[in-house]
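We just call them A, B and C in the order they show up, numbering each chain from 1.
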Amino acid sequence: MKLIISSVSGEPIYEQIKNQIRASVLNGELKAGEALPSLRKLAKELRISVLTVTRAYNELADEGVVQNIQGKGTFVMDKGNELMRNQLESQARASLAEAVCAAKAVDIPLADLETMLAEEYQKDVAS
Amino acid sequence: MTTATDQSPMALSITGATKHYASGFTLDDITFDLPSGYIMGLIGPNGAGKSTLIKLILNMIHRDAGEIHVLGLDNIADEEIVKENLGVVFDSSYFIETWTVNKVEQAMAPMYLAWDHAAFDGYLTRFGLDRKKRVKELSRGMQMKLMLAVALSHDAKLLVLDEPTSGLDVLARDELMDILQNYIADGERSVLFSTHITADLERAADFITYITRGKLYFTGPKDEFEESFRLVKGGPDDLAPDVKGVAVGIHRYETGFDALVRAEDLGKIAGLKAGEGRHWTAPLTAEPASIDDIIRLTNTSDAAYAMEVA
Amino acid sequence: MIGIRRAFELDVRRITSQGVFSIVALLIGFPAVIILLGSISGGVSYMPGAAIGGVSAMLALLPLNTFTFEQQGQNNWMNGVIPVRRIHQVIGRYLVVGACALILALEVAVCVGAGMLFESGTIQFSGLIISVLAAVVMYALLESVLLPLCYRFTYQKALLTMMLICIGLGAAIAAVFALLAKLTPAAIDALISWTVSLTETMSGAGMIWLALGGVVLAAAAAVVSLFVSLHIYLAKEF
């Protein structure tokens, strides 16, 4: 798994770790049941605080992506992949609902909105 | 998840430590804990009381009040056991200058039950320290490494370092941080480490204890420290009363100002809200504060006043 | 106790910081030279005095080296690092002085014994023991004053204070005698004749009592000195 920390991005380090691990789970690089690198090992290798890694792992566990098994380590949840997909789907749906709401407020017809969506979809390559 | 603090014994626990000096300086009621398995940075400007605190831990000066426990043991009642388990590095060498590196080992080895000759030898090789060299012939950085080699060679559970990086170049600082992170990797050893070079801490430190003017300003996880403050910036005419009211420190310059504000007070500043979502139209901007920003701005004269009133 | 042993060892290392060789050379060389001179000149009366004086001066300063080295750089910080209580650090240092006193006893015995051999071909053990005892008692008294001074002041200041004390003491005694001579000249004569008669009439038993008194005095001085030093050092801040 690739994990790179940028110190100039302005994004907190624990967020960077979370995002990259989440991406690895999502694209199947990290399989269900697979162990994440140990907290202290990862902190040592990335030369960051143990607490920062702890926080990233904790928050991923709260999201249901990974699971902490005391004394053993942190593992990708069985349903981690699926769960995250669902989460992102509902996030996308919520954002769309917001967009529709705004469109209705200024009477944008559905066809125009679909065009806008298509444009955005093609433009967006970053994520 | 087992987080930092539960169950594991505290590597260092300081409660209400107080020291008055005849000169008028007082280290006032310092309280903090360092859990086992972590690195804590002790920061503050020169003269803030960092060395005083370290000398209190080592019982080199007498405390006027409070309690200090190392690995659960009282630092005075159980001085011998505590010091068997302490590795200490000062900002300048405490060895006799005419001693050779070899003689340093001969002198220090009988001081500790758990002296590990092989480990010491390994560090000498790693640091490029020649056994035949005299202490006075070593550079400042090398003297620090010699103290570090001694500190690491008797199975100490807590390392206490007072400004260890002040005489070191970038490479040596990097190496030191590497060693410290390796040292705590087993989760049972800990490091307390005073410095005014905050770059050392930005990454590796887990906890920060910030002392200024003899008082404790903050102690807790480093991320929390940085996140609990924001730097608000604006032009010279934008310094409204609401900013002044919540700022813990302000630096004014001809074309503008920097104000340090607690994150929870950010909502009270009107200047940040105008043109919500489009920051470039707001008169003020808020950005994350670095450790240096926090130290710098909490030591302005305004901040000194604010601290006295509080 | 392990703490005292560690303090003792560390102090010995401090003393020998400049190398063991020079110290051993002095400790062996000095009596050797005395004996050599004695063997050439066939024994002379000044020999025991010279031996005691020289060896005492050397050994009086030797343990004080611990203080000079502590003053160097930040070596006193080492006392805060090592797992040895302050009380043990002080006791360890007094034991170093004790060891020096033993060496002194040995050296004086050798020198004085050799002197006696050269002079008369035999060794008078009572005289030998008295010489050794006198040297050790004087030494103990001197160090008992010097050590607390060194704990309290810097080494240089301590030596200066010691010198002033000696000068002051000498001046005080001289003043008392001068005063007595002026006021009651007869008292001085009486005092002198009393001392002379005392030494002339002193029996073997008397000598033993005197020696015993000296030892008790030295021991008492050492104990008081230790407590004063402890009092000073326990309150000290680095």
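The criterion applied here is as follows: a residue touches a chain if its C-beta (ideal position, glycine included) is under 8 Å from a C-beta of that chain, and two chains touch if they have at least 3 such contacts.
Fair warning: this is a prediction, and the values are worked out from it, not measured in the lab.
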Distance-maximising chain from chain B - centres being C-alpha averages: C
Chain ID, smallest distance between chain and overall C-alpha centroids: B
Interchain centroid distance [CA atoms averaged], chain B/chain C, Å: 48
Whole-Å gap between the CA centroids of chain A and chain C: 80
CA centroid of chain A to CA centroid of chain B, Å: 34
Residue ranges of chain A touching chain B (in the complex, touch as defined): 7, 10, 12, 14, 40-41, 43-44, 47-52, 54-55, 57-58, 61, 68, 70
In the complex, chain B residues that touch chain A: 1-4, 37-39, 177-178, 181-182, 184-187, 202-207, 221-223, 227, 288
Contacting residues of chain C [partner chain B, same complex]: 3, 6, 9-10, 13-14, 17-18, 69, 72-85, 235, 237-238
Chain C-touching residues of chain B, taken from the complex the two chains share: 55, 58-62, 79-84, 86, 88, 90, 92-99, 103, 106-108, 110-112
